[in-house]
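Reviewing the structure listed below.
Which chain is which? They are A, B, C and D, in the order written, and residues in each are numbered from 1.
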Amino acid sequence: MRDQNKFLSIEQALAEIKAGSRIMIGGFGLAGYPEQLVEALAASGLRDLTIISNDLGSPGVGLGKLLTNGQIKALIGNYYNWNPEVAEAYAEGRIQVTLLPQGSFAEAIRAASVGIPAFYSAASAGTDLAVGKETREFSGRTYVLERAIHADVALIKAHKADGLGNLVYYKTARNFNPIMAAAAALTIAEVDEIVPTGALDPESIVTPHIFVDVIIRSA
Amino acid sequence: MRDQNKFLSIEQALAEIKAGSRIMIGGFGLAGYPEQLVEALAASGLRDLTIISNDLGSPGVGLGKLLTNGQIKALIGNYYNWNPEVAEAYAEGRIQVTLLPQGSFAEAIRAASVGIPAFYSAASAGTDLAVGKETREFSGRTYVLERAIHADVALIKAHKADGLGNLVYYKTARNFNPIMAAAAALTIAEVDEIVPTGALDPESIVTPHIFVDVIIRSA
Amino acid sequence: MTTLVPDSEARVRIARRIAREFLEQNRKLVINLGVGIPTMVTNYIQGRDIFIQAENGMLGVGRLAGEDEIDRQLINAGRQPVTETPGCSYFDSAASFGMIRGRHVDATVIGAFEVDQEGNIANWINPNGKQLGVGGAMDLVTGAKQVIVGMQHLTRDGTAKLVKRCSMPITGFAEVDIVVTELGVFYFTDARLVLQEIAPEVSLETLTVLTEAQFVVSRNLKTITV
Amino acid sequence: MTTLVPDSEARVRIARRIAREFLEQNRKLVINLGVGIPTMVTNYIQGRDIFIQAENGMLGVGRLAGEDEIDRQLINAGRQPVTETPGCSYFDSAASFGMIRGRHVDATVIGAFEVDQEGNIANWINPNGKQLGVGGAMDLVTGAKQVIVGMQHLTRDGTAKLVKRCSMPITGFAEVDIVVTELGVFYFTDARLVLQEIAPEVSLETLTVLTEAQFVVSRNLKTITV
């Protein structure tokens, strides 16, 4: 948890990100990704980024812009079929791509957030995605050892933040955002609305404020 | 998820439990444990139970009754100093006790709920609680391999249930209840209030109904 | 070869037949539906206690959204705008796959490039260099209690999709329980592929020719009904 | 031996001195407080952006509840009824320890039976056969960014609690960062125990006698102030 004022302009927020960073970005398809942060990141021209995300939007749209702009060095994620430019860039050797089963990917991000270095999952055992990974039997079934996925920065999208930075989400825009919030060294949240501290029900806060370093408001 | 009507009387609910079962019981101290289910379990006289819980209440109070009654074969949990009868029964060889660090205990229950057979935690490495457990280094630090903790039955306490069995909790009475709900083959929830389906905010449901098999209402 | 069953009819038949698989159980179920034909199953299970889980973080997915109901932030895992059902809930992706991996989902309905006679399934990638994505397929086939494949019997080129041994990258090994095509319904029983139902358009001989995988024929072989 | 500082005064001094450790950082902090002296720290950090996490599933724990405020379902990890602060939140035990294990808690303040000169701590069990419990101690000492021990300098029998080598079961190895007693404030710096502050009641010679652990004396040795 940083000390300074969490509520920054998008320019101030972007100034926190360096070229070559490992950046987690929330979202699934075009739902629940931090649209303005991604636009600003694309406009920044920062290069050599490792982007950790479920997918990469569509060609030239959303996270897709980062690839179109040549800002990406490596991808760690799950599903790039919605953006054929990814397979193309990979085939041409312009980017590295690490694919994980979606559930293992999500759990590996959560593992980073909770200080678990590795865990076992049955998904992908014996398949091409488990090549080079350790496996182990438990009760006669083969499991793959998956490692935690950490990041320097997480760019996430939430619905509302209160004055401390507690977050709640909106419908299926929640997806990877809460787990990424806690898995990166610096978390920048883009929110639709800022409400007074105390206005969110303590039982319904999804991301406690200590996981959130910077908040920007969607214009 | 069971098919039958989830809303049962406490007698019907208890009839689901067999002697010799592994039973998870939610709660921390005397907060958030399913008081009436525990009373009924104590009154049932069912024996040879393995109780998986944070603690065992106080002597003759709450979960403590199960020990006073001689119904317990084994305990898997975390903190029994609030009930000195546990150390006594253990010293006299009347019960088995497996202690885990509270965080490893919680995570092992969650692991069971999400199909992860084992994970690594730094807690307890090198200590008496790690004796006999595998360890492994990650980035120069020693971690302990912890196994998922499953149960036949979970007895949990929630605040409200809707008609489907979605649950929300109340303040620090939440504790182990949500993770236990999903880690047992059969989950019986004791709730303060039953509200119509649709009355709970979909964003705030903590335990989706598919984890809940039987619901009884606190009298 | 000529098409035995027109595409659109085939797709509807497969979806309806899979729906019947659930309706006949006549109990509460939680299911996850893949894109394409599997999503069409939704249309045939309305009004029953069958809850649809979407791996992007929702339980209780309703029908596809109408034009005037579209909310871009409320989508299924195929990125289609959907609606809510009463008692639905939202959760993050780790919790969602926890539900799947933890054996809390009764069935997953998925498409496939190939299923082989060992019950192996290849459905995550066509290694043509144009795809790069796995989605939740591997988690779903290993995590769901029951794996139901809904796919057309032949590829567009007319080759068998039920094969002796998958040639494409495997998604999961010996995980498939039921295969429903427009020409037949096959169950994996005691590690053998058993034909339970056959389409009215084909003879057993023709189906055998169109099915590379070895299968046995149930003593109770019936005509596919939907 | 005679008591150098009366019990109640010692406890208050330790709690206030630890509070100063946080107040002087003059920034937002998340801390977890063990039972006993550590919980007393709460009294001396009011009004600052210091958020108390309770491992039984709450962030933003307020002061202890008054007689008329008691809610049996709102307690801290020592089972004491507490109050809420604005912006507090509740979560389950796995999430709570995820917060701790994941390095999101700036400091844990705990008591101890023994701390040795290697920074090892023994605080989870007195192996007298009457205790059987570990609580969150092992998770906290391995997970929190900073481990601050608040304890009286001597046992009730007058023996040193800062020892050469822990004789009781270890909670965590080389995890302790700061030890605050009523007689001194010690920091572990470069794997050495360094005395930074000393109580007005004792000379360095006396403190050395009362401290079995070997320590070095800071060049900036000060008197404990609270």
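Convention: a residue touches a chain if its C-beta (ideal position, glycine included) is under 8 Å from a C-beta of that chain, and two chains touch if they have at least 3 such contacts.
This structure is a prediction, so every number in the text was calculated from the model and none was measured.
Visitor: I need the common contact partners of chain B and chain D, sorted by label.
Guide: Output, common partners of chain B and chain D: A.
Visitor: Going by the touch criterion at the top, tell me which pair is linked by more C-beta contacts: A-C or A-D.
Guide: A-C
Visitor: When the centre of a chain is set as the mean of its C-alpha atoms, what distance in Å lies between chain A and chain C?
Guide: Averaging C-alpha atoms per chain gives centres 29 Å apart.
Visitor: How many Å are there between the centre of chain C and the centre of chain D, using C-alpha atoms for each centre?
Guide: About 56 Å separates the centre of chain C from that of chain D.
Visitor: Using mean CA coordinates as chain centres, what's the chain A-chain B distance in Å?
Guide: About 32 Å separates the centre of chain A from that of chain B.
Visitor: I'd like to verify one number: the distance from the centre of chain A to the centre of chain D, where each centre is the average of its C-alpha atoms, in whole angstrom.
Guide: Roughly 36 Å separates the two chain centres.
Visitor: On chain B, where are the residues touching two or more other chains?
Guide: Residue numbers touching two or more other chains: 107, 110, 114-116, 121-122, 169-171, 202-203, 206.
Visitor: Mark out which residues of chain C touch at least two other chains, giving numbers and ranges.
Guide: 90-91, 94, 97-98, 100-101, 143, in rising order.
Visitor: Name the touching chain pairs, please: which are they?
Guide: Every pair of chains meeting the touch criterion: A-B, A-C, A-D, B-C, B-D.
Visitor: Over in the complex, which chain B residues touch chain A? Could you list them?
Guide: My answer: residues 107, 111, 114-122, 138-139, 141, 143, 168-171, 201-204, 206.
Visitor: Tell me, which parts of chain A touch chain D in their complex?
Guide: For this pair, the touching residues of chain A are 1-3, 110, 112-116, 162-164, 166, 182, 197-198, 200, 202-203, 205, 208-211.
Visitor: How about chain D: which of its residues touch chain A in the complex?
Guide: Spelled out, the residues of chain D in touch with chain A are 27-30, 51, 59-60, 84, 86-91, 94, 97-104, 106, 143.
Visitor: Sort out for me which residues of chain A touch chain C in the complex.
Guide: Result: residues 28-32, 54-55, 78-82, 84, 86-88, 90-91, 97, 99-104, 106-107, 109-110, 121-129, 169-179, 206 of chain A touch chain C.
Visitor: For the complex, give me every residue of chain C touching chain A.
Guide: For this pair, the touching residues of chain C are 54-58, 71-77, 79, 90-94, 96-98, 100-101, 124, 129-139, 142-143, 169-173.
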